[in-house]
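Structure incoming, see below.
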């Protein structure tokens, strides 16, 4: 199955990493994947931002990926492999390829944000694409990357590379400018990285999304995509607005800790984030529960 | 005609203020309005950001508004009246009301951005809405306002006020969060303040846009809105992507000076911006001309 | 007295504008100036940020300046005249010159921050300097100017202009880079615009400061400068640290509203700021009072 | 030698990690340390920002630290050990302690900047301080940490912890607010993290600095500190201004790549940074050479 020759499409969950006493809880992860596997999700992002990947050791990363290998079913799996050095990103990407995963998703390096201009990022992504056998996705997320953004021009240049097949865009402005400049004849997919602009981006040519809320209400996220595909735009708009409200109440307010608390509420296993992230309070969790119920999402997800 | 009781809809041009030897060129303004009047634009924003309103004296503001009064035809006219003090904003809004204009559009005060929290902005807009007879539009534009944004919660509170009827949102993230939280039963209209997210915002419930490109290619902007209204989404997407490219080449790269140069190219009268803004170079103008031609917009606008 | 030929030196108070029922309270201003006149302050900044100048109408500006003209005694008076347009800045600067004031202090224009690059700012300040008879001070304050900063290179270029004689620098980083690049042979003075780096900047070559705290505890601010001039560095350090604490408790936390509340506490007439700025709470004012007392400054200022 | 009971004082070099064909060049590192050992530097920061620590694997970190262990002479060595997770920071800090180094310097975690508030940072640093035997230094560097800053209040709270002995502050605003609020009776040292505010901070109570320029002109940096200690403030100011100019020409313009190029110029072994950082051009290196010569620093460092 050559994913690089077709557009990535549908909803992907950036799967969280549960912890038990500050150690990755692999059973909980397997449980979550066994549930997510039964949904219409297109696939998973392993070791992404919501997976607290930057808080995992190299050994823990492998343990987590082994669970994905075992529990993925027929889902597509992208693996977050972006590190600060080109060399380490290549090494981690090769490991992901050797383990049989479908894509690597590579966040911009950013420890020295002033130096990460278009030329540096162009060379960075080209070297990675040429060094690994698995197709590469760019990951544009200035909120996690010290403000670093991939310039539109650089994305267009990288889109011509045969081993760079798409971009996950989580920047607040959404992918409109990228979609406007990209050649639609290229096999280059844009995945929206936030529920805030997932649905509206589909109308501009995005083909899917990597949506933290898909950890909590995967069926609703999938339904939103299907309503778009079917052209049921009125229903899609209403569902999208409800999911944006839910997203703001969970991830927008509390980040990963909120996503995990919401998973606990819907019968999945989120648990505490790893420190320095702190769990949310009981009151905050109650508020999330009320929002999930009020928006009518509790039944559909359990 | 009670605009405050119906949703604002369609495309509005934030009309530029031409200058001749550093003085407002009222003839050129009248010429431009006589041309724009013949298009399907819903109306104008007078004295907005693109109108370089902050660079006009009080006397010049009145001269400009008198041209609008004379040349507006049957178009709706919103007047930008936001100043740093509540008192002066009220005074300028009352003048706009007395001159018979339809709405005032009020940018957030921002000289002291740290102090402009939700409570301060709530009181600011409530006092204005209670002090003027003309309906009030919020104007959210952190890029011109030292980063000040109106919190979603504050917008929702203000949407219940009988004399606050909508918001022009020019923030890069687009109005998705506002649209998600607003009560659709309220007569509160969201106007997208950038071509980047104009079309996609319509799919989330925005009813129109205030679009700098409507100074240059008004027919194309109107056509985009009509394609959306008709449900011709494939054509709308293609047109939107082309207009986003054009917008980036003009306003995104050069700001007001680019919009004015592009107006000169399509047969309107843009001219130089007022200093400290500088006109763009001949090379930059040639590049804009090529983009307009290549995107196929030159014929439709002359 | 040709101020442009000697380095500006000492402590200047950016005098606040009192209001009474949303109208400038000229009596209160005159009272404050009559008190400040008896201190060792080098002079005043009229119509600066702390003067809420952007919240005053043109007529009110003149009324305020007339009080300064009458009450200034032998103090140096700088007048803030920066507006968004070059033309209006020149006009306001000429008025200040005609009224006999000593300097104009010109904030960077910033409504279109992306366009305010070194070239635009260079031309802006050169045109002003060439158009007014009174010497010009640059005013660098990105926190009030949408992030606009004058590049070091531009400051150096402007320092060679015969009618540009200094800079008030309020940027958080302090004036170290400017002082390092400026030719010490030029008659170009750097005034620190915050108590946070006033004393330490003197050690790098700054010659004075425009200090909001000088509205509240002018004698202590003057004493700090004198201790530096005398070489009493241990005492100066201790005093500086206390004044930084006081500054954080007043202006750092509450801005102009805090400065005004503190003036009321020490027997001057601050009163309410003009809306949209809101007065601080009674509790906050009590906290400021306690800090002033605890730091030992109450006696020295009454 | 119990460093935690005395104030850290003097100049520390944040030692760079040389690379040869994308592998740490341990011989070059040993050579550099053998030269730096002969200077009056107080010590080194190993594995800091300038050491490109985030671009090193765990194995490479150990190899680098072994060179420090062997070549440090009688210099104090701080080791940068901040990671994204509390757990991994503790592990890396314990390794540094076991290898006999004197301090660990711990950057704020920052992948999720919105969540890193005072409470989260307080707990983070307390847990580290309680889990490692070596004294802990806070490292405040928002420019490398997605904008995360340690609030002043949190620094004061942490200063009371027996195993937290100081802070390296690299934020642009300098450490004035921290110095104002800290209890001078605490054994808590502030080290300035930039030449821009190193000298001026000494006048407010900072006791030393961690200065990238100390990789290039260590003697001049040490001399600056000594001039301060001796009270030769006029000479110190002149030297400081020259070193600020040099710092801007090297690190301010080019970052680590510039520091490494400058080391090559003065006879040390800098070489290329690790990708994605790119080496500077020959023209840029020539410019740095000219600045070093013009400022009179070439002789003193070879």
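Per-chain numbering from 1; labels A, B, C and D assigned in written order.
Quick note on the criterion: contacts are C-beta pairs under 8 Å (C-beta built on N, C-alpha and C of every residue); 3 or more make two chains touch, one makes a residue touch a chain.
Predicted model only: the values in this text are computed from it and were never measured.
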Shared interface partners, meaning chains that touch chain C and chain D: none
Centre distance in Å when chain A and chain B are each reduced to the mean of their C-alpha atoms: 35
Averaged-CA centre spacing for the pair chain D and chain B, given as whole angstrom: 49
Per-residue multi-chain contacts in chain A, two or more chains: none
Chain contact graph, described as a line, ring, star, complete graph or other shape: ring
Which pairs of chains touch, using the document's own definition: A-B, A-D, B-C, C-D
Contact set on chain C toward chain D in their complex: 152, 172-174, 176-177, 179-181, 196-197, 199-201, 203-205, 233, 237, 240-242, 244-245, 248, 252
Residue ranges of chain D in contact with chain A within the complex: 22, 49, 52, 54-58, 83-88, 109-116, 119-121, 123-124, 127, 143-147, 255-257, 274-278
